[in-house]
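One chain, subunit A, links the two complexes that follow: it is found with subunit B in the first and with subunit C in the second.
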Partner chain A sequence: MSRIVDVGIDDTPRAGTAPLLKVRDLRVEFSSSSGRVHAVNGVSFELEPHELLGIVGESGCGKSVTSLAILRLLAKPAGRVVGGQVEFDGMDLLGLGDDEMRDLRGRQVAMIFQDPMTSLNPVTTIGEQLIEVVQAHTKLNRQEAEKRALETLELVGLPNAKSRLKNFPHQFSGGMRQRVMIAMALIMGPKLLIADEPTTALDVTIQAQILDLIGRVARETGAAVMLITHDLGVVAGMTQRIQVMYAGQIVETATTEELFAHPRHPYTVGLLRSIPRLDIGASRELIPIEGLPPDLTRLPAGCPYAPRCAWAIDRCLVENPSLTVPGTTEPAEGLPLGTHLAACWNPATDEEARAGMPASGHISAVSLAAQERAAAAAAALGGQS
Partner chain B sequence: MPPGTRHIFTQQPELPPSVLKFIVRRLILLVPILFGLSLFMVVFLHLLPGDPCGAILGEHSTAENLARCQHGLGLDKPLYQQYFEYMSGVFHGDFGVSATNKVSVATSFLTRFPATIELAVSAMIIAIGVGIPLGVAAAKRQYSLFDNFATVASLIGISIPIFFLGLLLQYVFGVWLHWLPTAGRYDLGAYSYDGAGTNFLLWESLVIDHDPAKFADVVRHLILPALALGTIPLAVVARITRSAVIEVLSEDYVRTARAKGLTSRRVDSRHVLRNAMLPIVTVIGLQTGLLLGGAVLTEQIFSWGGVGNWLFQAAVDKDFVVIQSGALILATIFVVVNLLVDISYAYLNPRIRYS
Partner chain C sequence: MSSGSGAATSSAQVPAPAPGDAPLLSVDDLHMWFPITSGLILERHVGDVRAVDGVSFDIRRGETLGLVGESGCGKSTTGRAILRLYHPTGGSVMFDGVDLTKLEGEPLRRMRRRMQMIFQDPYASLNPRMTVGGIVGEPLAVHGIGSHAERRERVAELLDVVGLNPNFLNRYPHEFSGGQRQRIGVARALAVNPDLIIADEPISALDVSIQAQIINLLEKLQDEFHLTYLFIAHDLSVVRHVSDRIAVMYLGRIVEMVGSRELYERPLHPYSVALLSAVPIPDPEVEKHRRRIILTGDVPSPASPPSGCHFHTRCWLRERLGNPERCVAEDPVLRPLSSGHQVACHFAEEVDGSAEQVLQVTGRAAAPSATAPVVPTPPSAAAPSAAAPPPRPRGRG
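Right, the complex of A and B next:
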């Protein structure tokens, strides 16, 4: 099986800062009753200190699993890393001793989870839950730890922080709980903050507040952020760079502006066309991506997106493309961070991306079938393109 | 938070007034429970053929003697009157007198209850002390060889009848290996006990008599009956602990706790076990009640001079007053134990409101 990335080892120092996080060819599998699930299939990326990186994809595309694998928090014994390397601040995380890894969690790499309703322990006070982080990593006594907890709660804008320390999670609203989660993640001043769908479970009115908060505290504390979401709209205003994931692979990466202006991978095009936008007006319909992601227990030989792709050509069905500069075969190695890369044999042009479909001319039987399905769906919706 | 949904525990260990109200309400609820139970007992005991006089006088007694005996015990009065007289006694703290040996029920109960408490508490200590660690260990190694072994052992423990287990233990450890005594609470040949003290023999031998050898003897006598009585609750507690811990282990907040960099011991004790405790405590409360029933069999097998043994004899003798009063007292204890369990919920789970 040809795999997406074999970036090789780039040991030549990059101009500027050394990367904080370096993930190379990460592969994660889960054993399940229906077979081995290939959840992450050769993911490689880097993250610089203080950088805000967005990771976008549908549920089940491996974005959360990637972050859990970095922290070595995969559900045992079902999930395991079967290949690749994770380097954080010069340390090989996959080879680190259990106790060193434990100390690194929460202190250097912290995580915010999706659902603040279920991610806090319901039977202990939030003060206790904050203080225990400090006590797990420092020798500070209780008063000092409590002071630290208070400062952090104030940093995340929790009103009446002092009296709130004695409260239990059920005494907070969802947005307030997520602030507590953020405080818990930031209390040790981590270098990397992984936010896994931090706003998905929240009211729309609260989402923007929480995103602003994450952006602000990251700036204030100097933490780099990996913002994982299924919603391109969430990352648009916040991140410097975006990686789009599909079926456990990175299919496109670019700076945020570039990605929105010139999407190259048909999947990214599809994602962009499925975001509601007020600026374009009601005339534009939301266009769903037809079909479902592939069964991760039986990955196709070719590009995993090919069966849903209007751009698919014959080659897509037999050979999985790796990340290259779009339209070339120039490999990704050694290119500066932020270079626009896509894993696609037949990337979309700007006009095609705007139209949401390939210009006729190089439409294969595969993409014809896909187009027919799309047309049928459009007809069913009573629309016209 | 809207008014009216304010939860009781804003500060932990103080007992807020709503909990006191809850306790009082539950104790008041005890009154109809005991009334119902006493009525039920009286009616059904009298529906059964025979009465204490049959047991006292034997099979071949004359009709006159039987009538005289029944008159003496008040059994010839109408049932409602017997019930009324019995209940008015109970409300004055008089639980009646045994028809067979003329000893007051309260006295018999108080001298025998310590033996049952010693047995039941020991059984529960074994059940909790072994059952919870076993359940946690099995949960953390789900589907491992150890877990499968623990599952099979628990199922055997749950399904084995107490009388059979008791006889088996007696045979193996008493008759065969000669390791432990099989009957009584202490060695009658070596020690004597006049019954003047509290009848808590562990306490008496160690603290009052300062006699370590006697204490050891009492402990040795306690081991087999406590094992026989504790096995079912042990197995039940282990099973419940296992499933509760497995459920909690997959909770998001356990993942959060790990992501915070806590040691696995802290994750287990503070986050996993504290949340898993609710169902475990419920089961412990119910099992404590069932233990009182199990004690009847165990005490009979091990000649343990406790309440169970006494009630069993009363049932054989159709000693109505003893059976009624004994059942009322045990029912009260059962209700109080479960009340304690419910109160402990408040400490374990701050989301519970007592209303």
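Right, the complex of A and C next:
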């Protein structure tokens, strides 16, 4: 079943090393009744053709907003890009006209959303919805478009694809609906597939099916994938490179193996040590990250993670670190993709990462003070003693 | 109610209860069928959704039993039927020697004081018009415990126990974050000093960094107050972490019940093997060596479950064995395969030692140093809730 869909779509040979996507210092804000929400605060990264990139973070860290900003799908008028550049395949996406952007979406960059039920139109058959995509982007007639829809549904492993074309979204189970969503994203053979929490709404055995499918279609179609998730387990087996986000910034990035083997940023360490692992069980104690994520309308002056960080030193409270090679001040610019970078003044050592806490000498008065501040901040927000 | 299929299962429960150690909760052949009716004026009974279809298990005092399964498998319904939030269609629920299914009215209300529930969604399970003091104190008021002043004092104490500032008595739920709200739900459950707490997906709605706070809190409270937990969740990693034993459910029935460590290392039901294999492990080194069993299709409808073994329509083992008729014709009973390990599969012996069983686990095969070594973590300022009393002498995985 390895046929995809490359009729009438430009398939120009990709230049060897030129990145497919280049994001530079992206900043996004939302206006809200409680003030300006700084959702994305200077995010820079690159993505190569055919690459599988994981973006990991908790709700509100800006991972979804980053992808929506790339696709220019931010909720208007509240959300807007206030700075930075997005370059896709040599084009400046933020400068494109609305028509050009509309043509690019779906054809070159496609998105898979978290909740397939609310992303599909409930009053139209899925056949109609797929055909609509094809006809919006090509001059194919209805029969040809339907043939393309059928082929794509078969590619994503939908049983009885032919008769299913006439079904409405509610007639599918969650997993099957997500397959339809993936088919819709793939139907034009995009170069970049953005999957935003594609399996969060699904059961674990169905999640395995869908992740397997995304990996397979990425291989077969050669699309690059940006996999956005809060689940470190999902990215561990799927991606080549990972970026960890916190409070609208990338705090750490490395190849997948490097990141899990030698996490440097205390937040990454915290995430890894605060989730139970199926293969380890209760013999490993969970070390929670204390406190709460920061209020994005009032970001702290220094590192946004400092108030929750056991590694925090004086400098963390006043100066926000940028991505560097951990432990040095070597800037990220010009280093090859996949270089391990962290935005931290006092990165964790391997030993500390395994223990999930700084070596005792490191708990300085400052970090205790930081914890007290965090507790006070939490209390002010209405909570923890 | 028909008890034809259930009669067989009831006899084969509890492998070897230690003498003199009567279980706190003993569920026997529990059925919870919801009727499907048709017609507007004369409602005809046209079928049943068999949400829980013959479930039996025991929980000993101080133990945590994990109930795990995918959505629609009946795990939450089981929890609610035990607490009599539903009226079970059949079977018995013995709580400290009393059959809860036979109780009504005042005696039931009095029993309820000893069993409490923690709900999944901390946004939906707290009344937005009540203050935290009102919410946490309500069970005390309902059961007529203490005077008004005493109740207030008790509520402040409870908030302190769950790690909230006792001065926040007069605040409303919307002023708290998700994790803090879940702490309020925990405080409410603790208010009446229950013996049994049924926690239904207590951390699924929380952010990753907050989940560990609640898990550690539940473990600390169990030690402090000698609580017994029925921990219902879909996430096997979490269930393994908190449970002493785990029951795996599929389509209304328990398919495997075993100590939590052994479930991971030696699963014997084909569904358990597939379920374990599907759980991603946050370690690329481990993931590299694992093999995932991709089950085809979806869970069948509990309104018309497949005959015989409910799992036979998706079973990888049955396919391998040449689709034996027995899986379709005969209900498998939960039978003990080794001490404390029960499996409801006619061919469970074939699972043992199979490539599928071995390859879903890999920590074993890989060099132990490749995975994060087990670090005994000293209690510290960074993890105040970890500073628990001496570790329980338990066979936790």
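Going forward, the second predicted complex is superposed on the first by the 350 of 385 C-alpha atoms of A that agree within 3 Å, B and C clash if a C-alpha of one lies under 4 Å from a C-alpha of the other, contacts with A are read in each partner's own complex, and residues count from 1 in each chain.
As a convention for this text, a residue touches a chain if its C-beta (ideal position, glycine included) is under 8 Å from a C-beta of that chain, and two chains touch if they have at least 3 such contacts.
Being a predicted model, the structure only gives us computed values, none of them experimental.
After superposition onto subunit A, the modelled positions of subunit B and subunit C are compatible, with room for both.
Of the two partner chains, neither subunit B nor subunit C is touched by A:89.
Once the two complexes are laid over each other on the shared chain, residue contacts for A:171 go to subunit B alone; subunit C is not touched. Of the two partner chains placed around the shared chain by superposition, subunit B is the only one that A:137 touches, whereas subunit C remains out of contact.
In the superposition on chain A, contact of A:122 is made with subunit B only, not with subunit C. After overlaying the two complexes on the shared chain, residue contacts for A:73 are found with subunit B alone; subunit C is out of touch.
When the shared chain is aligned, no partner comes close enough to touch A:314: not subunit B, not subunit C.
Annotation for subunit A, partner touching more residues between subunit B and subunit C: C. The gap separating subunit B from subunit C at its narrowest, counted between C-alpha atoms of the superposed chains, is 5 angstrom. No residue of subunit A lies in contact with both subunit B in one complex and subunit C in the other. Residue ranges on subunit A touching subunit B, taken from their complex, read 71, 73, 75, 102-107, 110-111, 113, 115, 118-125, 132-133, 136-137, 166-168, 170-171, 181, 184.
Within the complex, the subunit C residues that touch subunit A are 70-71, 160, 163-166, 168, 171, 175-177, 179-180, 207-213, 215-216, 234-238, 240-242, 260-261, 264, 274-288, 290, 292-299, 361-363, 371-375, 377, 380-386, 396-397.
The touching residues of subunit A, when paired with subunit C in their complex, are 58-59, 159, 173, 175-176, 203-209, 211-212, 230-234, 236-237, 256-257, 260-261, 270-272, 274-290, 292-293, 310, 354-358, 363, 368, 371, 379, 381-385. Across the complex, subunit A is touched by residues 1, 7, 9-12, 250-253, 255-264, 266, 270-271, 274-275, 348-351 of subunit B.
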